[in-house]
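Look at the two complexes coming up: chain A is in both, with chain B in one and chain C in the other.
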Partner chain A sequence: MTARRVPLTGLPPRLPGLRLVLPLALIVPLGFAITNIARTGQLDPGPMDLAVAFVALVAVASAALAVSGYRGDPLIFPVAATIGGLGLVMLNRLPQQPLGLNLFGVELGMAATQLVWFCLGVTVMLVIALRLRDDGFLRHFKYTWALAGALLLVITFLFGREVNGARLWLYLGPFGFQSGEAIKVSLVVFIAGYLAENRRVLAGASLRLGRLRLPPVPYLVPLVAVFVAVMLVVVISRDLGTALLFLGIFLTMLFVATGRRSYVLMGLLLFVAGSLVAYQLFGHVRVRVDNWIDPFVDPTGAGYQTVQALYAFGRGGLFGSGLGQGLPMVGGHLPIPALPTDFIFAGIAEELGLIGAAGLLGLMLVLVVRGLRVAMLARDDFSAMLAVGLTLSLGLQTLIIAAGNLKLIPLTGITFPFVSYGGSSLLASFAVVGLLLSISHRTALAVAAEGAPDQ
Partner chain B sequence: MSAEILRILLLVLQLGFLALLYLVLWSFARALLRDLRSAEQAQLDSRTGIGRLAVLESPDDEPPVGHTVFLGPINSIGRDVNSTIYVEDDFASATHAMLTFRGRAWYIEDQGSTNGTYVNGHRIDRPVALAYGDELTIGRVRLRLER
Partner chain C sequence: MIATNVRRLARYLVLAFAALWLGLGWWQVLEAPRLAARPDNPEVIAARRSALRGTIFDADGQVLASSVVIDGISRRTYGDPAFGHVVGYASLRYGTTGVEQAWDDLLTGRSDPNPLTDLVNDILDRDPQPRDLTLTIDRRLQDFAAAQLGTGVGAVVAIDPSTGAILAMVSTPTFDATGFSGDPTAAEAAWLALADVPNHPLLDRTRRGHYTPGSVLKILTAAAALDSGVITPQTTYPDQPAQETDGFVVSGFTIREHPLGEVAPALWPLSPALQVSSNIFFAHVGLDLGEGRFLDYARRFGFCAPLRIGSAERFLAVDASYVSGRTDDGCASFIDRVELANAAYGQARTEVTPTQMALLAATVANGGLMPSPFVVRDVRVHAGDPLAGPDGRVLESYAGDLRRVIGSEAAADLRTAMVDAVHGELGRRYAGAGAVTLYGISGVLTAGKTGTAERGGGLAPHAWFIGFAPAQDGATPAIAIAVIVEGGLSGSVGAAPIGGAVMAEWLRLLGSGAG
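Our next item is the complex of A and B:
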């Protein structure tokens, strides 16, 4: 299937990507310095090794992309790196108590552990972006990917370790990872492959049920079956955030592929019905929804997290309390439980204010727009659908967790891509970026092969 | 150093941090807008066509491998030199297949060729709707429909 070979060498380096990561060399060390000055009360920038290491990592990765003759989107990686940089500044500011990795006998703090994951994530991204010459193994084995995802899900459900009431962690010896992140990517690959193949059939409706026009049922069955199976297991294992994310990705991809609003409408109706059933059946769903409607009913118990997050947004105000100057400790603990993971957005909003939080969301918006642009320019349906799905997985995840922090929707525990503390999330997010880069790279090469002006 | 001066310094640094963040965001947004404009322009310039065929494999090199053929709404494919897409291949028939754009979709129809027309490796026996990215096999020549 390697019809069009992608030459990696022989292309001259292109450097505009480097210029875009330069501001990072200022912004991350500045964040570290503010934190240390505020914490010690001395005019001392403090240890900079983590900040320098992060900037070096991003610079090396950008240089590797430029030197290897990468021709795809020049903005996606710098934006992702900037978002990650903000996250690192925030994690460095938090107490390094929940010690992460123990690497070769050296105890690493939270920020250092995150940096190790950054290294791994960026490596994965580079390998996917530069070495993935052909997406045939994604395109042709879509059922294998669906099966792999489903299998992972079942394994997690059976053997996973339960943390905070949800069974999300799978342990291989001492190494644990959140399988939901990998399942997310494989699900997107499957949906993209299926929709690219059957798009035309699904777009034209043949069956009529009263005023409803349905697509030919046999074509919808595999898609819906895989999806329902995934949703069932996810909901039973109480991972509500991931369930919501999967549903959003699924419906939006279906809409993008077919251009039919009725599918989305039907999906939303099913979602509302399912939510009502879940509210009646599951206690933990009821707790979440009740907390969302009024967390102040039980401000020290069930509503504690949400109430504290709202106070954090309030304390932050417009410009924020300043790095290292907000988030007062309550009894030796951070004011919001799970702050480094689920509530990092609330933490950023307190210390950098509305302006900083809006800036973070703005960066995410740029990333989403670029991802959709990759999809728009792609030359075949599979690449386009894959790019849409991957971009959506980042965008919707951000939307769900930020809105959850803000009490716009019921709180669901998922990570903020590139920002939250956690290896699985970082690895998956960078793998997604790597796939986007590789799609974009192949499109650009195809354009160049025709002698058309480059973009 | 007095606490008051430190407080002011921290405030200044904080505002500097936010300003830097927005500077970065601005530089990204500017690159984004520039690309949107140039993409619009490129679309006006080059995307007047409805599709094209990329030649993936062609043992006798006619059409040449790596070449792209821009398509009109009706294309005949075959070994006949008058075909819209001329295929010089011993396994292709003179009038092998028709590739047409009808409504909003591409269709391929075999014209009674000896060795058949294949879409993604499956032989077709009636007109078949194509998606962008589908591969056609005419004789030993492999083509891919692209946007």
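Our next item is the complex of A and C:
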């Protein structure tokens, strides 16, 4: 099945979608104002330039979609932007000093830096959503994408910079990015391409061994080989969070393509076995797991961040302490050093309470459900599988990091999509949204074309 | 078909997000109170910094510890270094110890003695109300005991035998906690200076000092043997007189007597054996008791497990004392008969705390009923002006309870032998210095026992004394005591005089209307 070539622009604009940006226009400035009032103790909203810039950015992007005749899912971008807005409010509330970007000699605070990345991310999203006429270059060159991802991985492994015991950062001059984010997207493209092509074989045929029905192993080999190679490097780089995420995406996509739970089951069995081995072999895995079982054994050492995160959840309670009024400083520092990145969910839960944190998860769930809806409506297997994989890359990542914060699973350092501080994560997340928008848009146009009697 | 699977996937993902919501509810609602009470929670630390802390008074209403808030930072002042260990300290930087630690929730007002008030305060979001504590210890006796120890290294623990109220609890060398609990800018220097003081001033020897008891443990052996009927006050061992000079061979190991000086060996029953502190006699008693009964009685007296001074909710923890090797859950079995025989007179792997030995003396004094010790007498409403004394409103008061450990007859027999050990013809030369009559109290008998704990390695032995007074028939003992002086040479010289003087001081204070 080949993609239908359709005009992407030049359609009459649709403006009602713009309404969905309105709540955001309220939330972000209000969050900034509350933070400033709590900080200064005076009834003064404080500087609003970042808030206004963010709202303007989202409004312009929405308008660009509307004016260009975007016909796809109307909720995905506004919801993603709202999630990002909450993150920006939180980052603006944190001390701005230690982190930030130096842009042409101007020292930017953390929130300002994040806003710069928002601009880049939204631009990337718009380019993908509005200019991607055809996904052929994705589907036909799936091995190329896999190779590009693998190459990036190897380069990172060889030349990357080590941060917190894991080698995840690739530096080009002064600009660093976490290559795992780009690899994630290219891996999803590869798996989607492979599964779309082979899913009937994988779902239907099976090797019979007596009464046992085994999966058609030969057809799985290329897929598993690429995946295992990626996983190996990721695991060696000690990036446990990304490893878990990749495995989750892989198994879930396999399940969606074939409908066979046995794949997932086998994968999970292998995962459990691998985890047990890793626990025995690697100190850093052992530390994570022991720390998960009882962080209070070493509350000032290995368990420090986990324990402090739990305290933050506890302090927040049902309604939260209010922006700028939680997160007591310990010796002039945040109680949780990795608060802007790995533990931002705990910070939001403290200041906005269970209501706010549950709401944030709810927004993410809306995004996930809309993404899956794009997959269900998609007109061809590749688009459907791609939409599933992209949605999972956001949804599973949220589940893994939030569950890690909540001590439901061992903590692994990955970002909360759209919320955590970090440019690579934002760029990748908006690229994912851009791809989802483009699939959705093309589907809508195809449906319209089929429905039109004179075509 | 993909669409069907996607729908199934959506259902699973909704379930997964629901699990996160449950997780949020667990930590933010259900577990939140428990997390909020943990002392290393930054919120708790921040609250401590600025919160007023309750006052600690002695039994007589004298201020021992009080706080003021200056520039939003709570500073604590301690009035009497003699109370350094029992009161402990509450330092923002260096943590809390002693009563300050165990009663921290009441002193800070984090919780209220009345759970209902607690709930109401929580619902109304009221500010914490600090509470004041009154100790059972009279500052005059505590200071006197500290002065008696002087520059020596050691400990004194005194208990009211009939109630369990702690009367004195001194460990030397001591320290002044004001330096590192008051002005935060000076805290570090004051704390570091402590490191230069010899003999570990921060160690609370009353509760955490582990000492070989030597002969004072014979009181435990005798109590067990008398109560179980293994011996009577008249029981003798025919081989004993010869063994006093030749040694007592147990499983190939020869137990030797300590130098008896001018005392000629004879066939001794309990009283003279206790007076001269015959190791041979008590080795026989220990072997006759056997491992099972010996360990059983040791446990009844509180050995082999940590002790608590206070209630089940709030207490000062006392390290476990041992009559044999230590295991994770108490006293080990004896390796052989040699160890049992040596333990029976307080050597081998025996290891005790001064608090445990004071309780042993108090139990004998109280006719075999062991009191449960307590050091905080009551909790009161915070007094606005501490120097004007405690507030009249008592929120909760404590009292110990009593537990029968040995029969009253066995206790009476043992008391007689211990009185002989102080006043008897033979005993006088050992424990005579423990008699309160030497310190200006007339008409009162004293019961006591000295101990000299060999340390080996050429180190001077530790000096022990345990005892109680008044100990004559029909009198109710008012004080039981344990004294240890590290390297004090012998119990007679190093410890008994301190024991006698402190007991005499208490009887004097009682006579003048204290307590």
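Convention: the second predicted complex is superposed on the first by the 438 of 455 C-alpha atoms of A that agree within 3 Å, B and C clash if a C-alpha of one lies under 4 Å from a C-alpha of the other, contacts with A are read in each partner's own complex, and residues count from 1 in each chain.
Quick note on the criterion: a contact is a pair of C-beta atoms (placed from the backbone, for glycine too) under 8 Å apart; a residue touches a chain by one contact, two chains touch by 3 or more.
No experiment lies behind these values; they were computed from the predicted model shown.
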item: Side-by-side fit of chain B and chain C on chain A, or clash; value: fit
item: First (chain B), second (chain C), both or neither touched by A:V419; value: neither
item: Chain C, chain A and chain B - angle at the middle CA centre, rounded to the nearest 10 degrees; value: 140
item: Touching partner for A:E197 - first (chain B), second (chain C), both, neither; value: first
item: Contacts of A:P299 with chain B and chain C, given as first, second, both or neither; value: second
item: Contacts of A:L254 with chain B and chain C, given as first, second, both or neither; value: neither
item: Touched partner set for A:I27, first chain B, second chain C, both or neither; value: first
item: Which of chain B and chain C A:V79 touches, first, second, both or neither; value: first
item: Chain B versus chain C as contact partner of A:A449, first or second or both or neither; value: first
item: Contacts of A:L240 with chain B and chain C, given as first, second, both or neither; value: neither
item: Which of chain B and chain C A:I128 touches, first, second, both or neither; value: neither
item: Minimal inter-chain CA distance - chain C and chain B, angstrom; value: 9
item: Chain C-contacting residues of chain A that also contact chain B; value: 199, 353, 362, 369, 381
item: Partner chain C, residues of chain A touching it in the complex; value: 199, 203, 252, 255-257, 259, 299-300, 307-308, 310-311, 313-318, 328-330, 335, 349, 353-354, 357-358, 361-362, 364-365, 368-369, 372, 375-376, 381, 384-385, 388, 395, 399, 402-403, 406-408
item: Chain C residues touching chain A - in the complex, by the definition given at the top; value: 1-7, 9-10, 13-14, 16-17, 19-21, 23-29, 31-32, 34-36, 38, 40-43, 45-46
item: Contact set on chain A toward chain B in their complex; value: 3-4, 20, 23-24, 26-27, 30-31, 33-34, 37-38, 41-43, 74-75, 78-79, 82, 86, 196-197, 199-200, 319-320, 322-323, 325, 352-353, 355-356, 359, 362-363, 366, 369-370, 373, 377, 379-383, 446, 449-450, 452-453, 455
item: Complex contact set, residues of chain B against chain A; value: 1, 3, 6, 9-11, 13-18, 20-25, 27-29, 31-32, 35, 38-39, 42, 45-46, 54, 56-57, 66, 68, 105, 129, 131-133, 142, 144, 146-147
